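Please read through the structure below; I'll follow up with questions.
A, B and C label the chains in the order they appear, each numbered from 1.
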Amino acid sequence: MTGVIVSIINGLLLGAIYGLAAIGLTLIFGVMKVINLAHGAMIALGMFALYLLVSWLGINPYLAVPVVGVGGFLMGFCIYWIAVHRVIGRAELMSLLATFAVSMIIVGVGTVLWSTSPYNVQVDMPGLSIGRYTIPGNHIVAAVVAILVAVALYLFLYYTRLGKAIRAVASNRQASELMGIPSTRVLAIAFGIGIGIAAVAGSLIATLFPFTILSGASYELKSFVVTVLGGLGNPAGALLGGLLLGLIEGSVSPFVSVSWTPVIEFSLFVVILILFPAGLFRVGRGR
Amino acid sequence: MSRLMDVQNVSKHFSGVKAVNDVSFYLDPGEILGLIGPNGAGKTTLFNLVSGVIPPDHGRVVMRGEDITGMAPYHVVDRGLARTHQIVKPLNDMTVLDNVTVGACFGSEKMGLKRAREKALSVIRMVGLEDRRNLLANQLTIAGKKRLEVARALAGNPQLLLLDEVLAGLNPTEVQGMINVIRTIREDSGIAILIIEHLMQAVMNLSDRVMVLNFGSTLATGTPEEVTRHPQVIEAYLGDPDMAEKLMRK
Amino acid sequence: MMIKRPFFWMIVATVAVFAIAPLVGGIGVRESLFLAAIYMILALNLNFMIGYTGYVNFGSIVFFGLGGTLGIFAITVWGWPLWAALIGAGVVVAGLALLLGLGILRLRGAYFALATIGVVEATKAFVSNFDPFGGSTGMYISFSAYKPLGGAREALWVAYFLLVAVLGISLLLSFWIKRSRFGLGLFAIREDEDAAMVLGVKAPLFKAIIYSVSSVLPAIAGVLFFFKNGVIQPEQAFDLTLSIEAIVMLMLGGQGTVIGAALGGFAYEQFRGYLLTSSTFSSFHLVIAGALLLLIVLFAPGGLIGWAHERWAITRKVLE
């Protein structure tokens, strides 16, 4: 029984990070209706950015996380102007392909630089013991950081001028343009924030597991699942969706072989998408 | 029951707002019924309820004795109804001819491709788009797109045509052209028409009967003369008591 | 009457070139053309969804992978002959696609695209866990399966010629649907689904049918590909990247046009082959392909054929 509980706790901790990663994806979709297929690549880049900061400069991994976030933001800001700006408002296919092209370029460069062999970041952190089970300390810290970042984003979106501008553009771009909001710049900033969050999520994952430049893909898929659970374009729902996914993984893993989890996850994903396209949670959407 | 269409007590609410409230009307074969009312009176919503685009909350829509309430739009089309859109919906990247051929192929009379093309050509001639038939639909002017809407709806040989503000946004010459088209439709094919229009003069002259909607409810129904003299209609919509005379004079 | 049409001769010429070139050029040419034919088949059939109907199917590879899995299963476990496995895989996949299509085609736009990705991943995960299909290690074709065709060497040629036939059928089907009443309905859905339904197009049915139609030939191509390959593994059979590459091919040539889809598939294979073998570019092939895709999307979204249509009005009439 303790085993199951510990497994669920571990699942929830991971779920917080899935949730954070998905917030990056869902924020971008919510604001500009673009499904960012470079999401996974940016997660992977966040992993390697953390690795480089830690191994070259010798900084504490957790201090490097905000640096990765800022770097991700700047990179996202540039990607917006290069690849995304011209496809805003065009058919979905175009934005899907533009961001996929960015993903190909990033993964391609990453493969040349780091090949596809695994890297890892060493983190020493005492774990929490429950009976004969241990909850690893780095998982706890990562989950806490993930939730803090999510809360910070929430405060930013609801209580700052820029955050309000982002929400205004998300709900009606033309109207906010008429209100004097420079919507294009706001879109670029929102895209930057989304990418920054993806990079932070990647850097947190890097403190937990070994990774390759291709690792981002599986987290991108998890982000899709989470996003659909929480409702596309709904950041608060994404965090709950992430926790739900973590809960599912945690409660399923003691009973079935790990390899079956994706079957359950993705079947659930398709079914929920068909039955509840607005997501399971109606939080943070007003009224 | 020889009614072509019989709409009984239909209602539709949108999150608390009563867009259409307990509206009933009927149409006989070959008749033109004008539907007027201020903006937001629920005219287009009523069209959507009748044509199957959205299902009503209450009430029944009966066409030629068959209950078509809540049927998908394409099933309603099969029963002989065709409509245009207030905000035009051209199939942009297809030619005018192809647009109209779609209407002919899939309209109430399911034609084969070859016959549909011939039919489309004759309808295109009738609405006056013959010289533009090979243009892409998005290259048309707004007046052209409105004609295209009518042509597409007409091509399937419907028995009832719903026209949603086909005159709005047209200049006087274009309006006259469109009115002639509608007259021709009626004279040539005897199709019944339900027409939403803001241009009073046009509605009053075209319609056999007129129905006035206000805040989702029926305010009055009757011949154009009766309706324009109806005190509530004057108050709610026409404004000027002498309007009736002015409208009927032309 | 078909003989008078230019497209008919285009199909004949394509099939003839594919059939004769390897007889002259040898096995190297055959290998390159085999892959090119696979790509062209994927692009042509994906075109039914993206180009004709306007539904961005990101997971078209599931048909290829599932067809391959079922076909190879029938051959290795049940000992079916190749022809029966081809037909069986095509029929079963078409049926599954029809059922699946009725569900996921209720979604539009980005939601549909996401769902198709989910379908690929769910199917891949399921097949990797399903022991009768060999689990994650997949299935191997024993030498004896090639015997009825006269041995392994001969079997590879048979697989190649069958694939060329599938390519020919893909082209024929593409033209035929494009000129049919059914195709007209699909194009109407692509332009404006709501307007199409009001005009009487039974959109849900049309979409499910074309989704199913677009699954048959890739499923058969999947059987042939893995039959020739000798082994099928879920990771390779349900490779999402190939699915997206198929979209790239379509974009390269020009979505919605038959020639564009075929040309895009062929050109992409040649281009990819060149990048992979060139000493300068091989390690950068992903970067270059990505940059090319980005340039197409940003500056020439109509692809080669779309670009030609903008330049010269006549091409619209000649190239479909």
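We adopt the following convention: contacts are C-beta pairs under 8 Å (C-beta built on N, C-alpha and C of every residue); 3 or more make two chains touch, one makes a residue touch a chain.
A quick note: this is a predicted structure, and the numbers were derived from the prediction, not measured.
Novice: Most central chain by CA mean?
Specialist: C
Novice: Which chain's C-alpha centroid is most distant from that of subunit B?
Specialist: It is A whose centre lies farthest from that of subunit B.
Novice: Where the CA atoms of subunit A average out and where those of subunit B average out, how many Å apart are those spots?
Specialist: So the centre of subunit A lies 49 Å away from the centre of subunit B.
Novice: Between subunit B and subunit C, what's the gap in Å when you average each chain's C-alpha atoms?
Specialist: Here subunit B and subunit C have centroids separated by 44 Å.
Novice: Quick one: report the Å distance separating subunit A from subunit C, using the average Cα coordinate of each chain.
Specialist: 32
Novice: Counting only residues that touch at least two other chains, what does the list for subunit B look like?
Specialist: Within subunit B, no residue contacts more than one other chain.
Novice: Looking at the complex, which residues from subunit B come into contact with subunit C?
Specialist: For this pair, the touching residues of subunit B are 51, 53, 72-74, 77-78, 82-83, 85, 89-94, 98, 101-103, 105-108, 112-113, 116, 152-153, 156.
Novice: Under the touch definition given earlier, write down the residues of subunit C that touch subunit A in their complex.
Specialist: Residues 50, 56, 58, 103-104, 106-107, 109-111, 113-115, 117-119, 121-122, 124-126, 128-129, 136, 240, 244, 247-248, 251, 255, 283-291, 293-294, 297-298, 301.
Novice: Any idea which subunit A residues touch subunit C in the complex?
Specialist: On the subunit A side, the touching residues are 29, 33, 35, 83, 86-87, 90, 92-94, 96-98, 100-105, 107-109, 111-112, 217, 221, 224-225, 228, 232, 257, 259-260, 262-263, 265-267, 269-270, 273-274, 277.
Novice: Going by the contact rule at the top, pick out the subunit C residues touching subunit B in the complex.
Specialist: It is residues 180-181, 184-185, 187-188, 190-192, 194-203 of subunit C that touch subunit B.
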